[in-house]
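Data first, discussion second: the structure below is written as structure tokens.
Here the chain labels run A, B and C in written order, and each chain numbers its own residues starting at 1.
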């Protein structure tokens, strides 16, 4: 006799995303598109272009996953039911009289419900991506992590690329220095589900899906209610980052301090140089004489 | 006993595009490339780059269709005969002594003949794309429309993308607000042939090919002779556009007028706001206080 | 009894690139990445982004070849051993205490050895690409040349594209007017090995691999030692270029001179126009009256 917890998580893992969770995902995606500057004007002047962009927002993760696996990127168009559902949502969001849908969406409880349901679909996408990649590359764990990540959070890459081609988006180099919360939490999920798939985690898939989904929904709703951008695992992330990548900065700053000290004792003036250039300086030391201004 | 009309359209549908219609298509494509600013200089300084761009102009639709269906984009290079034919045309267009080919092409009857024959190839590409997509996705009508459209008019996407990568093209956001005539007429053809493929149109394929081709050639030649950009189906396009997408603007303008009236009666001054922001205003009404300057 | 030369080239062609030649290739690629402006700062702020860029530098040619053949671009991630090897090299190059690896690499003998070994891997990639394309398209010689070229020197296209998307690279139109030395020498190798594959060259593959590799390594090391950018086959390249593409410029300059002479005898003043516009002038002669300022 299965315990109630097991039955609950099993039933949860067998829930179909169609139609309610998919509707929530499409609604949140199209509303995000609508809030972009000029999106409404584009919808009225060229509805086909607006519809296409909305489809990229709704199905971007699956498209990216197809591109990476060499499958037809247009495959999502074969699922006519979901396409019609997403198209209907696009139509009523942009063309509803008196903008009723946007007004309804502006109420916080409605937003919380829709965003919470969208986070549930994220788990399903990650799991789908990991198992699909496993069917191609048995135990190719890096591929599984990449495809799970692409399916769960890759839509923004597709939509950013479309904006780049349209000339609406000019990427700044430092944008790539920051990963968004959805990207980080999806990468974490993809790693966890890959380890579960390769039997490195002693937990069944349906239990893991339940726990991970609860984590996603709880953190997302908390962040929305408290209007904070501090991520729940920021401490672990910083610690891991320092352990793997931070200690060389420690060496470099010690070296810089000893250089500055010897310089100070030599000339009596001080220079301030950013830590980020420390390794370049070490590299150039053997090639040219350092200039002091 | 078949009627003469049926025999004519059947014989027409069995015409091979190779070599004369293909030559016309390659000639028009390469001449369009040659008229771009700086194309001749590029041909003399880096013939390989110019040749590659010419191949994208000639085979761009097929390349895009392969990309969308997950097939090798380089597949067009396997057809050595067509590649050599297109390369020869590129060579004589750019490197003919005294530029004889360009001089010959500048005569209007020659242009009309070449452009007319190129329009014939458009029908063959649309039909090829629709049937090819149908072999992948039985009754996937959205995929069939998309592939027919890509094959018939997708070349410009490939060539624009190549120019974007080369830094020669900076897309403006409003370019995407206007669809060109080839794009519109190819989309119409793709929809029609898809409905015919899925047996929703009571007309045989060869008859439809004949009628659609005659329509394409007649409208294109008329537009060239009259030097007009007004499209023949503009009226139907505007009507359909207004029916599907225009009525919300009607609601919004009524609402804006009533807002202006109440404002006028309140303060005695007037504000003018564009219709395109009307829905954004409705959305923001519940979130922040509107400022009047 | 095989001659010693044959045995040597046969043994050479059976050498495995893993691990030493692959290590050299990854080292040279990652050091090239490190020398880009801001690469070290990116590695410290977003190690994942830096790692991804390093993987594109190391495996870019294979990724491009997969994209062109419609295979999964992520396939390189399935080879976990090579990925771990390349990742380790990235890690120690960017995060080694006191930047020891960069200091070691700055010694010329170390650079020459690494670069020489990397050139050996180029031959293996070209041959791999040509044979792989031949398995898809029997005797599709254009495809074989293209895939051999993509595998051997296509990595820069992938990395430039990634920089374009990140906003770090703005391509200038005239960059496409110059092909780099690796691109030219890889194209030459791809053509030679394709002719050998289609039995148009009376030389065995292992002998050709040995000769081509010796040519690559010798020229590359010579160019590094003499710090020259003059390519060894520049004379043949210029001659071939003039034979195929240069004689029309001769016609155009003769025509321009005769136009100038007739103009001089007519008005007594002179105009100077670049040769590159000569063909545009010929084309426009029939369409509009030329203005003289």
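As a convention for this text, a residue touches a chain if its C-beta (ideal position, glycine included) is under 8 Å from a C-beta of that chain, and two chains touch if they have at least 3 such contacts.
Source: prediction; values computed, not measured.
Visitor: Same or different for chain A and chain B, where same means more than half of the interface numbers show up on both copies?
Guide: Different; most numbers are used by only one of chain A and chain B.
Visitor: Roughly how big is the turn, in degrees to the nearest 5, that lines up chain B with chain C by CA atoms?
Guide: About 120 degrees of rotation relates the two copies.
Visitor: What whole-number Å value describes the gap between the mean CA coordinates of chain A and chain B?
Guide: From the centre of chain A to the centre of chain B is 34 Å.
Visitor: Pull out every residue in chain A that's touching 2 or more other chains.
Guide: Touching at least two other chains: 70.
Visitor: For chain C, which residues are in contact with chain B within the complex?
Guide: 67-70, 136-137, 140-143, 146-147, 161, 164, 170-173, 175-179, 241, 244-245, 247-249, 251, 255, 276-277, 279-280, 282-283, 286-287
Visitor: Which residues of chain C touch chain A once you look at their complex with the stated criterion?
Guide: Residue positions touching the partner: 38, 40-49, 66, 70-75, 77-78, 80, 83, 94-99, 102-103, 106, 165-168.
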